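Same chain, two partners: subunit A is paired with subunit B first, then with subunit C.
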Partner chain A sequence: MAKVDFAVPELKEYPEIPALKMDAMAHSSPFKSKPEFQGPLGFPGELVENWQQQAIAKMGDLLGKYRSLRVYLDACVKCGACTDKCHYYLGTHDPKNMPVARQDLMRKVYRRYFTLAGRLFPQLVGAQDLTEDVLSDWYSYYHQCSQCRRCSVFCPYGIDTAEISMAAREIMDSIGVGQKYCNEIIAKVYRIGNNLGLPGPALIDTLEGLEEDVYDDTGVQVRYPIDKAGVDILLVTPSADFFAEPHVDGLIGYGKVFHEAGVSWTFSSYASEAANFGMFIGSYDNMRRLSQRIREAAIKLGVKRIVFGECGHAWRVAYNFLNTLAGPWDFLDPRYPVPQHICEFTHELIQQGKLNLDKSQNDDKVLTFHDSCNVARASRMGNYPGGQFDIPRAIIRATCNHFYDMDEETIRDRTFCCGGGGGLLTDDLMELRVKGALPRMEALNNVMREKGVTHMAAICAICKSQFTKVLPYYGMNMDQIVSVHQLVSNAIVLTPRDDDQDDDDDSDD
Partner chain B sequence: MSFISSVFAYLYYFATLVLVVGLLNKIVQYARTPAPLKIPTTPAPITRTGVTLRMLREVVFFESLFRGNKWTWLFGWIFHFGLFLVTLRHLRYILEPVPVVITMIQPFGIYGGIAMVVGLAGLWARRFLVDRVQYITARSDHLILGLIVTIGLTGLFMRFFMHTDIMQVKAFYQGLYHFEFHLLPADPVLLIHLLLVAALLIIFPYSKLLHAPGLFFSPTRNQVDNARDQRHLAPWARRLEQQP
Partner chain C sequence: MPIEVNGKMFETDEEGYLANINDWEPGVATVMSKEDDLELTDEHWDIINFLREYYEEYQIAPAVRVLTKAVGKKMGKDKGNSKYLYGLFPYGPAKQACRYAGLPKPTGCV
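== the complex of A and B ==
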């Protein structure tokens, strides 16, 4: 484990609402973006000269474009219902990590420049000019929000801090103050096709390796095709699925499910990324450009359906925004929703009895499930509200014998963020990530002690990467986090096909 | 005395004008600002009827707040329900003839007044006792609480200890409809009560009291969860599509 220069919070049996510790995380802020990452996204390379003026103008622009921002900056009554709901507040004790206080960093500027009361009586209503200190606070604390929307569940007006932190990041980008991690990644997608910068040949190589591994393992030839035109399904998955652990075990599972379903499918090297970091930086333009790649790939490959792999915010963008950003999808098969989640696909097969699952293959594990925030609170699966909670659980129950949920207060729509979402999954924010994971770690620790849980399944690439990194800080093992489709992959009994015997002969393609 | 009555008459014309124009202005602004993306907090209803019911539960029962914090919910709901009853009770001053329902509600309006003050006291106490709430409280939050508590207390004082001539008060307000200025009772508690109510009407469109119309425009609460079935496109986003 890396050297720790901060105190890892202690896990308690019952969650505690901490007392305020002023400026406890004022020092936390991610590396700033460089001009070469800013340019491709359409942002100035460095802080522009008249930045205050431009920032206020941008805020005015956004206030006219987003009803959420306008209403949420006006409506808050400071009731305090959200104050103990943010995992970053619970883990860091910094009052500016209370959702309302985070919003107030922008609200006080909004009041000063856009409301009568703030222009006339700034002291009275807590209005403030946009100074360098305020901007520095913005950069620090709007990068301590993972846009998980837990606060919005409990707000009597549904105020969503994510909307405000997205707007703040968009304003900062527009004056040349970008965050390196997000912006570098988005530029990489434009250049290469995915967040990790894996070029087509590397993907082909990886997938061929996987085909061999699965064949050696099972004796069945499962295909992992890429850029194959004329197939039924385009599978779009986070690029971490191609090689990170435990992500890749989930990807192996997707292929096995498609194999059993008997459908033809393919990845695309052009749209080899489900993640859409355009959302994290609140940029409609960039989010749209990233989404358009999926449309282009679908048209080029002539597919009939689009299915998304396990990824939280990607599913939010896919489920809720893709129709807006890259639709209409009238050229796809109208019998299926666009897009579908891989869990919806697998669940349907299970219900139809089309998958032969041997639960005992997962008997070495006692499972629990981590609801990923963007799936739980910002999207849906299936055809009724809350399907996003039931479908992954149904898959887990169908693939293993031992499953226990964590404390009700910490799952479903009250789930806690893993601590690394919203564009914060970067090593320069390690302290924040470890502390922000506290509420989830506490709930996991409790269910481990009470029910003997050994593994936690997730359906989000960011959650998986975050937990892999953070679990050891809390004295747990990094391999306790697993993909849901990894469980499917373990349990599935594959049906051999004709081409399994003559694997060495490539003429069957 | 007639001077003070005239001042109050003009004040109430002004306050009503500010309230109506200011509020309409805000409502039009909210309505005209598009919500470019589907952002309902899920699980969310998948039909319009479902959304109406969700909104109704929020408005009547403060459903989300109930899940968020029981004490704030309790005091907040007591206050708002009390305020609702008090408002109904007071309609007798501005309506003629007084509808039967309003006549029947009169005794409950008194309990409402007590409930209002109790609820507000609880909410105000939280601003001192809970360190997190204290941190987020601005001076204006105390002022608005003070304003409404004083309105409530002066109202109750007149009901229980120092009655005023309510027929004369009613005549004053009825007169305003026809630009006739009647005298208000020369009663300091009443004048304070009415002055503060006018102040409340005036600050409404310029303060956090905008949470009342705001709730109805909150996209996380008022959107239908149907993004895959229906394409949702804001006018400014549509223009992007027309560019190459």
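== the complex of A and C ==
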């Protein structure tokens, strides 16, 4: 843990709506992008000269394209229902982190340039010019929104702050004011194929190592193939699954599930990233370019199905937009959904009794489940509403003897963000991340005390990394966060195949 | 912000990572670790050297599993885990050790 230069919030038994602290987080602002990251995304390298004009023009363009944005900016009646729903407000006490205030940062500019009353009598309707100060506020506070959409659940008009913050980031990118973390990563996907920048040979080396590990552990040769043409399934997973813990323990689990299902599958080094940061920056063009890589890989490898690994926002993009971004998928097997979530795949096998699971292998843990915001509130699993809540829990219950949910107010569609979503999982925002994790940490702490919970499972790479980093700030251990497919991996009883012995000989060569 | 090592200046980025990996010399790691109040032992150097060798071959830092496995093979199974690595580099082997080794920061959901 790094040196702490801010106060870590105290965990309380009951959530508290904090007293306001004006500008408590005005200093929080992520590193700006650089020309070499901006260029490949199609954005100006630095602040353009007539930035104000261009920003207004871009806003007009977005208002024309996205009817929802105009409705959201028009519809707010200042009822206050959203004010205490944002984890960043609850953790930082800064009133500008109330969703309504965050929206107002754009709303006042919208009113000034796009409404009659705002053009004529700006002071009367809270309209304001897009000044340098306003732009700086935008940059700071639109990077204090993880686009988790919890506030929209409580808004009587369904105003989606995430969409406003995406639009704000797109406007800023269009005038050359980008965020380093997101834009460097997108540029890296274009260059190398994934967020981490893992080239093909590193992926192969990593996967070969995992095959050895699994064989050493189980005596069964489970394969982790990459760039294998003519197989049934292309698995697209966040690159953190190759690289980090506990992500990789989940990835090991995916391979074991495929092994037991008896299906042929592969990763792709070209489409070695499920994440799509184009969504975080609100850029349709970049979202599309990133998605197209998956299409190209699927065609090249001649697969019949596409399955996504544990990644929250990737699943939102895939579930909602994959067809419009990269379809039509008429070359895939029509008997399967496009795409499918790994949890759906595993759950189906469990229901069919095709997985032999020994729950006692997870008896050293008492589990709870963190609903990741983009899965919970922006997508679905299975074939009925709410499947995205039930299916991961059903997998945990099938693989573990001890499971307890956290407080109902903090799970399912009311789940709290981990504090690091929406393109904020970067060290330069550590104060925001730690403070924003407060509501989730409180709920976890309570279920640990009341039910003896020891571990929290998640199905999102960002959530897993964020918790690994912030749990220690709250006096907990980094390894208390686990992957759902890590639990599957622990419990699954593998079926040896005839070729296990041969493969062992091969790997000894 | 540049750092000074044995009278020579080294360019770093805003997060303290060396701007050019080829500039690296062992003194860079020593100076960086001093700023973190960390004293580098032989065990730290084993990790730093492994990171540099791996990067040389694959142009990326090793995945945590690859690193723990290599450490386990070289220094004994009890040390082949991330607990050992976090013991050496409290801010995380991927980020802190990479920085000392002059490697770029691993990006993404990590």
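Here, the second predicted complex is superposed on the first by the 503 of 509 C-alpha atoms of A that agree within 3 Å, B and C clash if a C-alpha of one lies under 4 Å from a C-alpha of the other, contacts with A are read in each partner's own complex, and residues count from 1 in each chain.
Criterion: a contact is a pair of C-beta atoms (placed from the backbone, for glycine too) under 8 Å apart; a residue touches a chain by one contact, two chains touch by 3 or more.
Just so it is clear, the structure is predicted and the values come from calculations on it, not from any experiment.
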If we overlay the two complexes on their shared chain A, which of subunit B and subunit C does A:Ala394 touch? Say first, second, both or neither.
neither
After the superposition on A, what does A:Leu11 contact: first (subunit B), second (subunit C), both or neither?
neither
Looking at A:Pro385, would you say it contacts subunit B, subunit C, both, or neither? Reply first, second, both or neither.
first
Pick one for A:Pro238: touches subunit B only (first), subunit C only (second), both, or neither.
second
Thinking of the overlay built on chain A, is A:Asn323 touched by subunit B (first), by subunit C (second), by both, or by neither?
first
Partner chain(s) touched by A:Thr206 [first = subunit B, second = subunit C, both, neither]:
second
Comparison of subunit B and subunit C by subunit A residues contacted
B
Jot down the residues of subunit A that show up as touching in both complexes, subunit B in one and subunit C in the other.
none
Touching residues on subunit A, where the partner in the complex is subunit C
1-2, 31, 181, 184-185, 188, 194-199, 201-202, 205-206, 209-210, 213, 238-240, 242-245, 247-248, 275, 311, 425, 427-428, 461-462, 464-465, 469, 478
Which part of subunit A faces subunit B closely enough to touch in the complex?
17, 19-20, 63-68, 70-72, 74-85, 95, 98, 100-101, 104, 115-117, 121, 123-126, 149, 152-160, 163, 284-285, 288, 319-321, 323-324, 327-328, 337-339, 376-380, 384-386, 388-389, 413
Within their complex, subunit B touches subunit A through residues 26, 29-30, 33-39, 41-46, 50, 58, 62, 64-65, 67-69, 72-73, 76, 123, 126, 130-133, 135-141, 143, 203, 206-208, 210-211, 214-215, 217-221, 225, 227-234, 236-237, 240
Complex interface listing, subunit C residues touching subunit A:
14-15, 57-60, 62-66, 69, 82, 86, 90-92, 94-95, 106-110
